[in-house]
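First, the structure itself, so that you have it in front of you.
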Amino acid sequence: MAAPLVPKLLRAHLSDLASNDARLDDRGQWDGRETKLEIGVLPRAEGSARVTMGNTIVLAGVKFQIMTPYPDRPNQGGLMCSCEVRSIAGRHWENGPPSPQSIELGRVVDRGIRESGCIDVDDLCIIPGEKAWQVILDLHAISDDGNLFDAFALAGIAALRNATIPAERFEIGEDTPLKVSKTPIMCSYHKVGGRFVYDASYREELGGDERIHITLGDDDHVHSLQKGLKGIFTADEFAEIMEHAKSRCSELRDMVNG
Amino acid sequence: MGGYGDVQMIDENGLRMDGRKPGDVRPITIETGVVPVADGSCRMTWGTNEAIVAVYGPMEAHPRKIQRQDRAVLDVTYNMAPFSTTDRIRPGFNRRSREISKVTADALESVVLLELYPRSKIRISIEITSAEAGTRCVGLTAASVALADAGIPMTDLVVSVASGKINDVVVCDLNKEEDNYGEADLPMGVLPNSGELVFLQMDGDLSPDEFKQAWDYNIDAAMEVHKLMVDALKGGEN
Amino acid sequence: MVASTVMKGWPVARLDTMSRESSADGPRDSRRALVVVPGEDLGVSEGYEAGHGVLVVDGRLKSTKQGRMNTKGSTVSVEPLHTTYMPRPGDLVIGHIEGCTNNIWFVDIGAPFNSILPMSLGPAKVEFGGTRKILDIGDSILCRVQEVEETHQSVVTMKGLGLRKIKSGALDDVDPHLLGRLIGKGGNFLRDLKLESECRIVVAENGRLWIDGDLDGIFKVRNCLKEISLEARQVGGVN
């Protein structure tokens, strides 16, 4: 990813907006963009979802493979989350080996889902020590207008929740829905013009500083945190965004569980 | 009508398993403006194929060594998403994708007025999100619609269709099952306004007569598909 | 056959060649021009000039773009629905400084190739090694295109009335071919927008706008730009 030029004027304007409690697109500090979730959009995937947040669009697809369980965990299957942001998603994204940015994206989403324990890996075992299901969640960005993290996390959990284990195709019994017991949700906050805002757009990301990603499970348990990019924040700032994350996560969770 | 192994793909009335006549193409939808951050874009579904194409540019060509002093370069990438097939595709370098990217670029370079943009680059990203059979044709056709949507000047749209042979019968636009038992495949890229060709591949085994039939099916189908492309670009006007 | 044909005129719609019949405030759908697509036949070429987006091939006019066909006098052209800015000498543009050496600044002017601003055409005299003190990376400038070579090497200048470093306000973009609509007949639309928003608005020909004023005003201008862009990209858009 070639580092895009950040016009100083944009940074100055963003901080001017922030001190007047305004944002580039006239949203409030804690307002998200219009969010749309569509399920089962990919005919070849065993579970899939498309999330549209303003002009940000992402796809998530679930595939299954047979794996040999790891020797130290013979009764467990696996979960893998892979993310590739390719050149289709924006002028500033380039093809080639996955960039650190796109690896970070995949790993943060992966941790949130994995650590929530929403998928019981013991349940994925077919023959202990020999055969188990590996669940692979692939995240694919179509259009990046900022905040790919939240879009990926939302599409990811929604795709898992409507996935079917294709046992018939592998000739090991009947197709069954993948059991997903919890709904971890991520909310991301960017420091723009000196204050944190929810769901930053691309231009806000461009002219902003650090970002914080929070994944909350059912009952508001924290499952993953990540601070990215250059910047310094205070404990009070963190407490404030945590409060907002609790209410926003539960709204989005209702959307997924809908 | 002969069989191929014990699989019969054409019934006694000459219809195919999905009810199509030999010269029919699968259902197609075309939509533009689907990647809001791109200069031009297109989503095309063709049977259960789905391709999403975004066009960026013309823009400064980086790295500098790819620049051409007399014209623009097309940077085409064709990629199948990991979840686009029955068995997951591992992301990363892939010789098949590289070849298709190249022949797609060669086809499009024949219609885009590259000499208007020296030293710049036009980036065309083709993502196959669902693959059935004939994804290279869908990708190329969708790319030409996306280029038009981006306002890139070109002498014509490109329509790409493939015909093939199953059970010794020549048919147009093979679907997944037919492709698995196909005995030949002839994808072509047609300029609908002049009938000229910019893309041609073939593999398999066709007699001269069968080849002629496959060729004619492709040209006829291309004209049908072109109407849909024009409709999509005009948004139902005129 | 056509690959060597050179398009007459310039490949980008420009203020001076655009039809101005369509002002953004009036009803325009009564006689909307035909939408054409690349490769479409537009009739015999005899007696007609090929304008923007049109080629002559074997005695026929042929569209090379998706857009609305316009016949003005004997010139047939296609007004595109989307364009990239192509610089021409004399254009007023807003650029961002991308980099510099001891005697040159590299300027992003939103075109398919970037431009250089030599020290001799800069805003002030530079001491050796002091290039960044005058214009730093990330600064935005109001400048004019000095020259564009055939191979697209281009030079901008800051010598001229009103050309300067932009220090306040906000920047926004709009597709270059929509500037005609934004400015309006005789500049009416832009003048009204300035009055209503109480902002200073400088419209550069590369589709970048400098808006300076209070935030409410900037929002007004921005909303107006959004409407113009949305409306223009709609084909079949009488909904």
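The first chain written gets the first letter, and so on, giving A, B and C; residue counts start at 1 in each chain.
Note that a contact is a pair of C-beta atoms (placed from the backbone, for glycine too) under 8 Å apart; a residue touches a chain by one contact, two chains touch by 3 or more.
In this text the structure is predicted, and so the values were computed from the model without any measurement.
If you tally contacting C-beta pairs, which comes out ahead, A-C or A-B? Let me know.
A-B
Using C-alpha centroids, which chain lies at the maximum separation from chain C?
A
Using mean CA coordinates as chain centres, what's the chain A-chain B distance in Å?
The computed centroid separation for chain A versus chain B comes out at 32 Å.
Using mean CA coordinates as chain centres, what's the gap between chain A and chain C in Å?
Result: the chain centres lie 38 Å from each other.
Can you list every residue of chain C that touches 2 or more other chains, as numbers and ranges?
none
If you look at chain B, which of its residues touch at least two other chains?
In chain B, the residues touching two or more other chains are 59.
Quick one: in the complex, what on chain A touches chain C?
5-10, 12-13, 16-17, 20, 22, 26
For chain B, which residues count as touching chain A in their complex?
34-38, 48, 50, 52-54, 56, 59, 62, 77, 79, 81-88, 91-92, 123, 125-127, 129-131
Write out the stretch or stretches of chain A touching chain B in their complex.
2, 42-45, 48, 55, 57, 59, 61-63, 65, 82, 84, 86-91, 95, 97-98, 136, 138, 140, 142-145, 169, 202
Across the complex, what residues on chain C touch chain A?
For chain C paired with chain A, touching residues are 96, 98, 108, 136-140, 166, 168-171, 215, 219.
Show me the residue ranges of chain B that touch chain C in the complex, using the header's touch definition.
Interface residues on the chain B side: 33, 39-40, 57-61, 69-70, 72, 110-111, 113, 115-121, 147-157, 191-193, 229-230, 233-238.
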